[in-house]
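Order of writing sets the labels: A, B, C and D. Residues in every chain begin at 1.
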Amino acid sequence: MGMVGGGRGAFIGGVHRMAAALDGQIELVCGAFSSNAERSKLSGADLFLPPERVYGSYAEMIETEKKLPEDVRMDFISIVTPNHVHFGPAKMALENGFHVVSDKPLCFDLEEAKELERLVKETGLIFALTHNYTGYPMVKQARAMVRNGDIGEVRKVVVEYPQGWLATKLEDSDQKQAAWRTDPKRSGIAGAMGDIGTHAENLAEYITGLQITELCADISTFVDGRLLDDDGNVLLHFDNGAKGILHASQISVGEENDLNIRVYGTKGGLQWFQQEPNTLIVKWMDKPTEIMRTGVGNLYPAAQAHTRIPAGHPEGYLEAFGNIYRNFAKCVQARLAGETPEPIYQDFPTVSDGVRGMEFIYKVIESGKSNQKWVKF
Amino acid sequence: MGMVGGGRGAFIGGVHRMAAALDGQIELVCGAFSSNAERSKLSGADLFLPPERVYGSYAEMIETEKKLPEDVRMDFISIVTPNHVHFGPAKMALENGFHVVSDKPLCFDLEEAKELERLVKETGLIFALTHNYTGYPMVKQARAMVRNGDIGEVRKVVVEYPQGWLATKLEDSDQKQAAWRTDPKRSGIAGAMGDIGTHAENLAEYITGLQITELCADISTFVDGRLLDDDGNVLLHFDNGAKGILHASQISVGEENDLNIRVYGTKGGLQWFQQEPNTLIVKWMDKPTEIMRTGVGNLYPAAQAHTRIPAGHPEGYLEAFGNIYRNFAKCVQARLAGETPEPIYQDFPTVSDGVRGMEFIYKVIESGKSNQKWVKF
Amino acid sequence: MGMVGGGRGAFIGGVHRMAAALDGQIELVCGAFSSNAERSKLSGADLFLPPERVYGSYAEMIETEKKLPEDVRMDFISIVTPNHVHFGPAKMALENGFHVVSDKPLCFDLEEAKELERLVKETGLIFALTHNYTGYPMVKQARAMVRNGDIGEVRKVVVEYPQGWLATKLEDSDQKQAAWRTDPKRSGIAGAMGDIGTHAENLAEYITGLQITELCADISTFVDGRLLDDDGNVLLHFDNGAKGILHASQISVGEENDLNIRVYGTKGGLQWFQQEPNTLIVKWMDKPTEIMRTGVGNLYPAAQAHTRIPAGHPEGYLEAFGNIYRNFAKCVQARLAGETPEPIYQDFPTVSDGVRGMEFIYKVIESGKSNQKWVKF
Amino acid sequence: MGMVGGGRGAFIGGVHRMAAALDGQIELVCGAFSSNAERSKLSGADLFLPPERVYGSYAEMIETEKKLPEDVRMDFISIVTPNHVHFGPAKMALENGFHVVSDKPLCFDLEEAKELERLVKETGLIFALTHNYTGYPMVKQARAMVRNGDIGEVRKVVVEYPQGWLATKLEDSDQKQAAWRTDPKRSGIAGAMGDIGTHAENLAEYITGLQITELCADISTFVDGRLLDDDGNVLLHFDNGAKGILHASQISVGEENDLNIRVYGTKGGLQWFQQEPNTLIVKWMDKPTEIMRTGVGNLYPAAQAHTRIPAGHPEGYLEAFGNIYRNFAKCVQARLAGETPEPIYQDFPTVSDGVRGMEFIYKVIESGKSNQKWVKF
C-alpha cells in the first residue's frame, strides 16, 4: 500500500493505516503524505518507512513505484486527502495500473466522479470507497435480515447523522478538520450533507437494498458566516414505495458521531446505533424486542465473517474500517493469484456507490434551493 | 366530576378516573358513561356511584346536575369519548356553567374547535385539554431550561411519535380502539396525525415556546384499505428560524408509544423519552452529557411542583395525567373560593392549544396532498 | 380505610393514600395522622375529612370507629408510622376486628413480629405488609417465569439495593426521614439492612420462590457517628443449592433507589431494575436477549392482572404500591361479601413475609458481628 | 516480536497479533506457534512469515533468534499459550535477554510466578502482562479521577465479571477454549476465578489504587462433573477501610463478557462496563449523573494518551489490548535507544501485578474451602 495524504496532523490517514494493518494482510510500503515534501519525509520516518519510498507528491510516487519490480512496488494506493485531492491521484493510479482505495465522498464534483467510474470500468482495476460504516458486522446482519425477508417488506426508514462539533465557527480557529470541511474550494458544493449526509444515504441503501427515487430537502446553515450547510432534513421516497427521513447535522450540540438507522418492515423493525455498534435491536409485533449482539447465536454468515473476536469483546470503528481493507486486500490478492475472490470478500463500497453519493449531494442541494416539493433522484 | 363516556371496555376513561383520583382533590360524583343507558348504569355501578347519578346521556346529566344544590352537583365534566363526541357535551357544559376537561384532539373538525374556543372566552369557564404528555415533570424541566436560556437559542427540533400497533388492519378485528381511530366519521380528517401527531406538535411547542410557522408533510397510508393516514413525516419551520422534523407513525412495528423529543440550541441539547419519563438527558459542548432525573438536585420549580415522590421512585403516565387534573382542580377550587390560583397550577393545556392542534391537523393533511413545498401555518 | 400516621411532612403516608385511591376501591374515611392532636386535625382537613373522623391517637380512632355502624366505620387501618409504632396499632386493630395494612419492616423487633403473626392467625383477619416492590407487573412476570421453569433451575441470584442519600450525616440536619431511620430507638437494630435490605431479601425470595438458608454478612457504618449500619454486603445460600449476593447501601453516592435483581438458571437469566420497572430483560443461551415489556405480547396472567394501561404508557411506583392495596381491598371486599377472593388477588405480602424480614434483619446483624463464616437462617 | 503459541484454531494469539500491529510500532518477525512443528509452519505461512523464522518450539526459537544479528532478531517474545506453558518460555526468554509479553494469569502456580518476578528484577528486562482491561481509556480516566480525589475517599467497590458460556459442560464437546480452561492440569487450581476473577481483582486495584487485605469467598462448581470452579462470590476488605464485592461467573446464562465495576467514594461514584467501554458514568451527590465519553471534553492525560480517534468513533477491545502493546513497545524502544520512556508509556501491567493475581487465586480458593470468615491477603 502506498498512501496519498495522511501526514502529521491529519486524522483520517492514521485511521486508514490502523485499519489496513489490523489483519496482517496489508503492508504500508510507501507514501506521499503531504504536498510539502519535507513534511512528507518526516511523516514517513514516523512510520518507519525507508526514506527512498517517501515521496513529495502522488505523481512522483506513482511514477517511481511503477518502475520498481512487481514484488517490491506497491499494489495499490490509498487516498486520504481532502475531497478536492481525490480525483487526481485516483485517476493517475488507475491509468498506471494500480488498484485504489479512496476516502469518501468520491470526488469534488459529479463530473470527476463519473470520469473515475468510467476509468474503473475501462481498466478493470479494483476500487474501494471507504464508506466505513457499512463495514460493521451488525450492519451486515441488518442487510442480510432485510434481504431474507425477516422483517417483511420495508415501509419506513429513519436514518440520522447528528454531530455537534461545528455548532460554533470552529473553522475560524486553526482546526484543520473544520477548515477544509467548511470550505467550498476543498469540500465541494456541500458541507454536512457531503461529509456525513452521504454516509447516511449509503447506509440506508446498503441495509435496505432499496434506492432513493425522490427527495425533499430543507438545508440550513446555522452558524453565521459559514459558507456551506451545517444541517439538513430530508424526506425520502424509495423505489418500493417505502418512505423515509434522513437528517444530518453538525450543529446538534453534544452529539458526537451518532449515525443511527431504523428500518420498519411489515413484520419487524431494526435499529442500529454506530456508537454502540455491536448491538442490533430487532423489534417484532406483539413479541419481546430482541438484542442481537456481535458473536452471539446464529447470525448470518456476512455478520460472522466480519467479526474477529468472541461475543462481549467490543469491536469498534477501526475494525469496521478494517473490514473494508481486509475485503479489498483479499480481492487484490485473488486478482494477483489469478483467482476469483470468495463472495463474502466482494462486499465493500465501490466507485459506483461513490457516484451515487455524489448524485445524492447534488440532488439534496438542488432540492434545498427549490420550492418544488419533490426532486427526482 | 361528572364523566362523559368511559364505560366498560373503554381505555381512556379509566385513565382519566385514576388520574383524577390520584391526588385526593377530585371526586367522581356522576357520569353518562355510554350512549347505551343500560351499559351506562352497569359502568356506574362498577364505580360505586349511586344509580340516580348515572345518566343515559350527557344531555340528561348536564340538565339534571344543574338543578342539584351547588354543594352536591358536579363542578365540571370530563369528556372521554371518541373525537366526534367531544364538541356536543363540551358546548352544552359551557353553556350551562360547568367547567370542562376534554380528551384530545379538541374536536372532530376545526369549525367546532373555534366555536368552543369562542364559548370558553365568552363564559370565562375553565377548560383543560388532556395533552397529558406535557404533564411530566421532566417536560416541565425542559421547558424551563429553554425559557431560561440554558441551552441558548433553539436551532433544531426533532420530535417523534412512533407506534406499531396499527401495522396490520386491526380495525377489521373487533378492536374498539382501532376501529374508531381509523374511521373518518369518528376521527375526523386524520388518523395517526390526529391521534398522535398532535401530541408531538403540542410537546414541541410547549417545550420550546416556539410556534411552527410552515411545514412540509409526506403523509402515507401503508395498510391496504385503511381510510386514514397511518404514518407521516413532516419538515418544520419555527418562528425564530429554527428547523425541525416531526414524524408520527402507527406502522412502526415493535414500537409501543415512543414519543420522544430532541431540542438543540446554540449552547446545549435536550432529549426526553416518554417511555422513560423521569430522565432528561442534557448535552453540552465539550462537556459530559448530564442525566437529569426527577427529584434529583436543583430542578426548576415547575419540575418540582409536579413530582410527588422522592428520586428513584418512578412516576409514570398516570401521574403526568394526574398533574393536569390536579392543576385544573386547583384552579377550579380557587375559582369557587373567589381566589386567584397559584401560577404553578395555571399550567395545563387549554382550549387554544386544542385549536392549534386542530389547525396542525388541517395543515399537515393539506401539505400531504400538495406539490408545493411549504404550507404556511 | 383509617390511617395511622402520615400527617403533614411525612413521606410514606401520602404514598399510601395515592396508592389506595388509584383504583377507586378504597376510600379514606378517618385517620389519626399524628400523635399531636392539633397536627392530626390539620392533616385531616387537608384531606377533606370531616373533623369528627380525625383522631388524636390510634387508640381513640379504633375505639371510636368500632362503635360506628358497620356501613360507616372504617374496614381496615393503614399503618404508616416509623417502625417503633407499627406494633401498637396493628395489635389493637386486630384485637378489635379490623383488617390491617402496615408499612414495612413489620415491627421494631422480632418478638413483636411473632406476636402479630400469632394474632393474625388467631383472628383470621387480613393483613398486608407493603413490600411494594413485589407489586410491579414485571416482578410478577419474573416470578411466573421462574415457577414455570422457563429459565430452568435457579443457580445464582444477585440482588442489590444501592442508595446514596445517607452518604453524609443527614440525620444531623432536620431531615425527618433520615432522623428516625438512623435512630436505634425508632428503627430497631438495623439501619440500611432493615430499611432496604429487607426489600431486597423479600424481592429475591418472592421472584425465585426459594428460601435463604444461610448467609455471611459484612455490615458497615461508614459515616462517622452514625448509630446504625449504612451498608451491607451479604453472601447467600438458598434451599435448592443456589448461591447469591445481596448488597444494600445508603452511602453509594449518586444512586437514587436502584433496587435491582438478576436471577440465573440453567436455561436462562432474568434482570429487573426498579427504576425502569416496565422492562424485564431475559437472557438466553446462544440467542438474543429479550426485552419483555409491560403490556407487550403474551405475558403471564399475573403480570397482565397488575397492569392498568397499554404498552408504552409507563406505570411506576404508585401503581405497584396500588396493586397491593387493590389486591388487599378485593380480599376484604370478598370477605365482607362472604366470598372467596380470586386467586390473582390473593397475591400480596403477608404478616409471615414480615416475620421473615425481621428474622433476616436479625441474622444479618448477627452475621456481621461473627467471625464464623455462615449463619443459619 | 516472536510469538509463542497462537497457531491455527487459537483465540488469544490472533488478538495479540492484531493488538500489536495496530499502531505500527511492532512487527511480527518469527514464531513458535504450536508444539506441533508442522502446524507451526502452516500458521507461520498464514502470517506471511519466512519459513526459516517459524520454529517448532519456543526453545528453538529463543536459541536461534539469539544468534541472529541485533537488527534482525526479535526484540521480545509474546506468550499466548495456555497457563501451564507461560513459565517455560518466559523464563528462558528472560535468561536469554529477551523482553517478554505474557498473557494472564502469570503462571500455572504461585511458585513459578515468584520465580519469574525474581528473574525480571535480576535481569532488568521489561515484562508486560496482558491484563488488557486496564488498557481502556475510560479505565485510565477512572483511575486518574480516584487518584486526584475527584470522588473523595473510596468506601465501596463492586466489581463483577459474569459470563455464561460455560453454563453447560462445553468441555465435553471439542471446544478447545473450554477444554483447557476447565482442566486443572492446564489451568491450575482455579477455573473461573483464575481466568476472569483475576481480571476483576486487577481492575479493582488498578482503578482504586487500593489493595485487598482480606477476603471471604464462596466458590462453586455448578456444572456436574466439572473439575474447577465456575462461579465465585467474594467479600473484600481494602487497605483504606473500604469494603467490596467481587463476583465472577461462567454460568450466568446469557452474559457475554460483562466485566464491570462501580466505585463509590465520599463525594462521587464511578461506573464502567467493559462491553460499552467508551463510556464512564460519574455520579454525584444531588447533581445530575454525568456520562463521560472517550474523546469528549477535558479528560485526564492518561485517558487522552490511550485514545486514537475522535469522540463517537468507538474503540474497543483490540484498541485497549493494543495500548498495552504500544506502551510496552515504547518502553522497549526507549531501552534500545538508551532513553527513559515517557511516564505515560510506563503504564502497563507488570510481573508484580501477575504475582498479585496468582496470590489472589490462592487466597480465594483457600477461603472458599474455609469455615473461617476472613482470609488475610
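To be clear about the criterion, a residue touches a chain if its C-beta (ideal position, glycine included) is under 8 Å from a C-beta of that chain, and two chains touch if they have at least 3 such contacts.
Model, not experiment: these values are computed from the prediction.
If you take chain A and chain D together, the chains in touch with both are B, C. Taken together, chain C and chain D share the touching chains A, B.
Two chain pairs, A-C and B-C, are compared here, and B-C has more C-beta pairs in contact (counted per touch definition above). Shared numbers divided by all numbers used gives the overlap of an interface; between chain A and chain B this overlap exceeds half, so the copies present the same residues.
Chain A and chain C have Cα centroids separated by 55 Å. Separating the centre of chain A from that of chain B, both taken as means of CA atoms, is a distance of 43 Å.
Distance from the chain B centre to the chain C centre is 34 Å, each centre being the mean of its Cα atoms. Residue positions 255, 282, 289, 293, 296 of chain A are each in touch with at least two other chains.
For chain D in complex with chain C, the residues that touch the partner chain are 151, 155-156, 158, 160, 164, 167-168, 216, 218, 220, 222, 231, 233, 235, 237, 243-245, 247, 249, 251-255, 262, 264-269, 282-285, 289, 370-374. Chain A makes touch with chain D in their complex at residues 11, 14-15, 17-18, 21-24, 28, 47-48, 163, 255-258, 274-278, 293, 295-296, 308-319. Partner chain B is touched in their complex by these residues of chain D: 282, 286-293, 296-298.
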